[in-house]
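Shared between the two complexes below is chain A, which has chain B as its partner in the first and chain C in the second.
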Partner chain A sequence: MLSNIKHYLSVYRKFVATSIAVNTSFRTSFVMLIIMDLFTFFTTIYSIDFIYNHIDTIGPWGRNELLFFACFMLMIDNLHMILFSESFWELSFSIKNGSLDFVILKPLNTIFSVFFRYFRPSSCVLTPLYIFYLIKYGNLVGLGTLDWVLLPFMIFSGLAVLVLIEFCFCSAMFWVTEGIGINFLRLQLQQLSRWPNFIYGPLARKFLTVAVPITLIGSAPVHFLLDKSRYGLFLAMPVAIIILIFILRIVWEKGLRNYDSASS
Partner chain B sequence: MSSDTVINVSQLCKKFVSFKKEPGIVGSLKSFFVRNPIEKIAVNNFELKIKKGEIIGLLGPNGAGKTTLMKMFTGIVVPTSGELSILGYQPWQRDKQFRKKIALVMGQKSQLWWDIPAMDSFTLLQKYYEIPEDKFNERISHMSEILEVKDLLHIHVRKLSLGERMKLELMASLLHDPDVIFLDEPTIGLDLVAQENIRNFIKEYHARTGCTIIITSHYMADVQALCERLVLIMGGKKGFDGPIHEFEKVLGNEKTLSFSFSTEQNPEAEIWKNYYPEWDEKNRSVELRVPEEELRDLSMKVLQNLPVTDFATEKLPIERVMKTLMENPELLKERSND
Partner chain C sequence: MTNFLKWWQTVKISWVKHTAYRLNFFLQIIGPSLVFFFVKYNLWTSIFEQSATKVIQGYTLDQMLSYHAWAFIISLVAQGHGSWNLSEDIRLGRISSYLIYPFNFWEFHTASFISFQGIQILIAGVTLLFFSYISIISSFSFEVLLTGFTFTLLVSIFWFLTQYFTGLLAFWLEETWILRVMLQIVSVFLSGAIIPLELYPEWFVKILNFTPFPYLSYYPIQIMMGRDVSLVSGVVIICSWIVGLIFINKFIWRRGLRLYTAAGM
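Right after this comes the complex of A and B.
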């Protein structure tokens, strides 16, 4: 078990090293990606700020609560961009042109080889900015010591729910071959998760909590951090993670068996 | 299965389903709503046994099922039915140990990262296959010297020529010292010198390691230089399996007889009729397939009656046999009925 973990970590270190080597080869693209991330960050923050210049609350939350939620989601988004975002597009491409063949041949778990292969170093440049704003609004909503300790775990749990949902969706690429539709649907689900769950009607909320549990990504942990009596959804997070891992293993294995590989 | 059998294939089948689409916008709209599935049997009841240390040439025309077989052998594609065992493993189960013991080189696909030097890809492969540092360095040094690519290891792959890239692809696939190597058209698109370099390298590697190699190629020179045994696949079925010298006689004991003439000849003349003549554009030279027992009589007849400037005879080349079989696959059926 320990040697297995060591093996995967040593491969992952190489994934990171080779991704950095590739990304830094194209300097303009590297800078453009940083600018894109900056735009995303500030448009999100200032849109919310602008809305609160005209109203006092959205649902139960005031300006600081919603901005803390937004920073929480932006932090998850930043980690998602660094660790996973490129792999989804690459999977679609490699199923279509058959380059997935070489991934299947490698003596590692294919989920790891596919989804952890690409690392985006340009997004790391802005990580301190995301952390700074998260701390700023965390202070403004009055997080306690325990909350600050829990915060990193909650971010990683939210990220885990998000990527597991996406991995499950992407397994469908083995059947449909063209993955663009699935990738855009995945991005729309991400968009839905960037809003707190109370903006959705009861039926939609139930659907987005039970069927496609994207409200567990950000709404569940932030509600718990702001109000300890709202622990129900927060406790559902580990359950969702276990169920999603179970589903992923089944659909991924079925997908791999369905893989035809492109002709040479 | 005997202990030295590395590959054991029985009744192996693979079906692919695609759909038919008519051309144009109307065709696209129609096929969006109604799909006409077409089932294609890529491999049909295929049987094969390969012993440890053999080099097998897998030949066949385009679409015969060679690459599909290779993909089933390596676990990339799951068979529809039949039995398949490689080194005692079922490839489609993708056991970690199995994947460490095999290698696949595809002449038309690359496993090297395009935007970084090959050495960076090699160090990643070292981690994948858990190759100890000393063995890794030793193999890199040895292979790069034989393939003459020492100076290319630190150049971005996208800047290399096809031949250079292929050498590095081979290195990438052999770094983990596999027991069974699948080479799918490893010399495709290479110039003659590069082809020969690759062939010599494979030969040397096989002699040194005693590994088992299955190679597909459209270049008969590859097969002749490397393989003692040849397996012919046509329409997903095995058409021939045996030593290469027997394949040369698959059409009977025929030889190639070629003549050059000082004047233009009549290709329709009776004399050529039974010998599958192949004329040049000016009808001044011809190549014939002649049964060994008729060789002497026919040669004398032509030499005495026609203005011959040059003539030669040789064994029927393997390429000629392949071409004839591809044009007349029924000859194989006739042969198996005999």
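Right after this comes the complex of A and C.
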């Protein structure tokens, strides 16, 4: 088991090293990606800020609570951009042109070799900014010591829920001819998760908690951090992660069997 | 006449290409606008339900929902086209064929844009009927609709030329999708597609008025909602940008061709 983990870590180190080498050789793209992330960050923050110039609360939350939530989601987004986002786009292309053959032939778990292959170093540049704003609004909403200890764990749990949902959806690419649409669907799910669950009506909220549990990504942990009596959704996170892993193994296996290798 | 036939055939082929993968088309083109509207609908309903005041910067809940319904329809017509293939054509050396064809590169992509607009207008029309049926959009006159629609078509030409411009930069850049996404993020934020410009700080709106962004969403929405806006200045500004972009794109195309290495030939 331990040697297996060591083996996968050594492979992942190579994945990261090659991704850094590729990304830094196109310097203009590297800089533009940083600017793009900056735009995303500030437009999100200022959209919320402008709304709160005219109202006091949205649902139970004031300006600082919602901005803390937004920073929490942006932090998850930043990690997602660094670790996974490139691999999703690559998957749709490699299924279409058959280059996935070379990936699945490797003596590695295919989920690992498909979704952990690409690393985006440009997004790391802005990570300190995301952390700074998360700490700033965390202080403003009065997080306690235990909350700060729990925060990194919650961010990674939220990220786990997000990517597991996305992995499941991306398995559908094996059944369609053009997989880019699935990637757009994935982006829309992210879009829905970027707002707290209370903005949605009862039916939509139930759907987005049970059927496609994207409200567990940010709403569950942030509600718990701000109000310890709201632990229900937070406790549902590990359950959702286990169920999603189970579903992923089934759909991924079926998807791979359905893959007909365009180039062979 | 021969030229018209070439245009017509290209429009027809593009139509077939756009609609070949219907699920993909729905998820890629309609899905984002639909989800964007869904989020805004829920967000503003939630805000107004909690708010003590029933009017926020001149908007009641009904007017706010109507604003975002129009934003949805306008985004379908005005900001749908992405010119995704354009930069790929350049990067992968596919424009070599266009240099030999008796049908130019810009003609091919403009014909593709026209067919795409045809589909989008159809979808926008159905959406408009649906929104009217469920009363999110209240009554509108034919005259207002025609004016708003004409202005939106002008905006769509501007948007196409902007996308064309970013695509042409593939002569110099490895990845142009980043520029397209950046443009999308900035324009959504600055055009009033997320929140009406009345909610932005006044100094900020004054600066924005010197840019084309408010004309992408906010102005067409105001026209469609029958509000008082300076139509002449809007048309003049958008047309000036269109003319400017035509010249810039021509210039970039000529400069870019000098760098073109016809990869894969």
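Note that the second predicted complex is superposed on the first by the 262 of 264 C-alpha atoms of A that agree within 3 Å, B and C clash if a C-alpha of one lies under 4 Å from a C-alpha of the other, contacts with A are read in each partner's own complex, and residues count from 1 in each chain.
The criterion applied here is as follows: a contact is a pair of C-beta atoms (placed from the backbone, for glycine too) under 8 Å apart; a residue touches a chain by one contact, two chains touch by 3 or more.
Note that the structure is predicted; figures quoted are calculated from it, not measured.
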A:Thr28 touches, of chain B and chain C: first, second, both or neither? second
Chain B versus chain C as contact partner of A:Gln188, first or second or both or neither: second
Which of chain B and chain C A:His7 touches, first, second, both or neither: first
Which partner, chain B or chain C, touches more chain A residues: C
Partner chain(s) touched by A:Phe102 [first = chain B, second = chain C, both, neither]: first
Partner chain(s) touched by A:His54 [first = chain B, second = chain C, both, neither]: second
Overlap of chain C and chain B interfaces on chain A (superposed complexes): 26
Complex contact set, residues of chain B against chain A: 16, 67, 71, 74-78, 92, 94, 96-97, 99-100, 102, 104, 106-111, 113, 115-116, 120-121, 123-124, 127-130, 156, 184-185
Chain A residues within the chain B interface of the complex: 7, 10-11, 13-15, 17-18, 21-22, 25-26, 98-99, 101-102, 104-108, 110, 256-257, 259-261, 263-264
Chain A residues within the chain C interface of the complex: 26, 28-29, 32-33, 35-36, 39-40, 43, 46-47, 50-51, 53-59, 176-178, 180-182, 184-185, 187-188, 191-192, 195, 198-201, 204
Contact set on chain C toward chain A in their complex: 21, 23-28, 31-32, 35-36, 38-39, 42-43, 45-47, 50-51, 56-57, 173-175, 178-179, 181-182, 185-186, 188-189, 194-195, 199-201
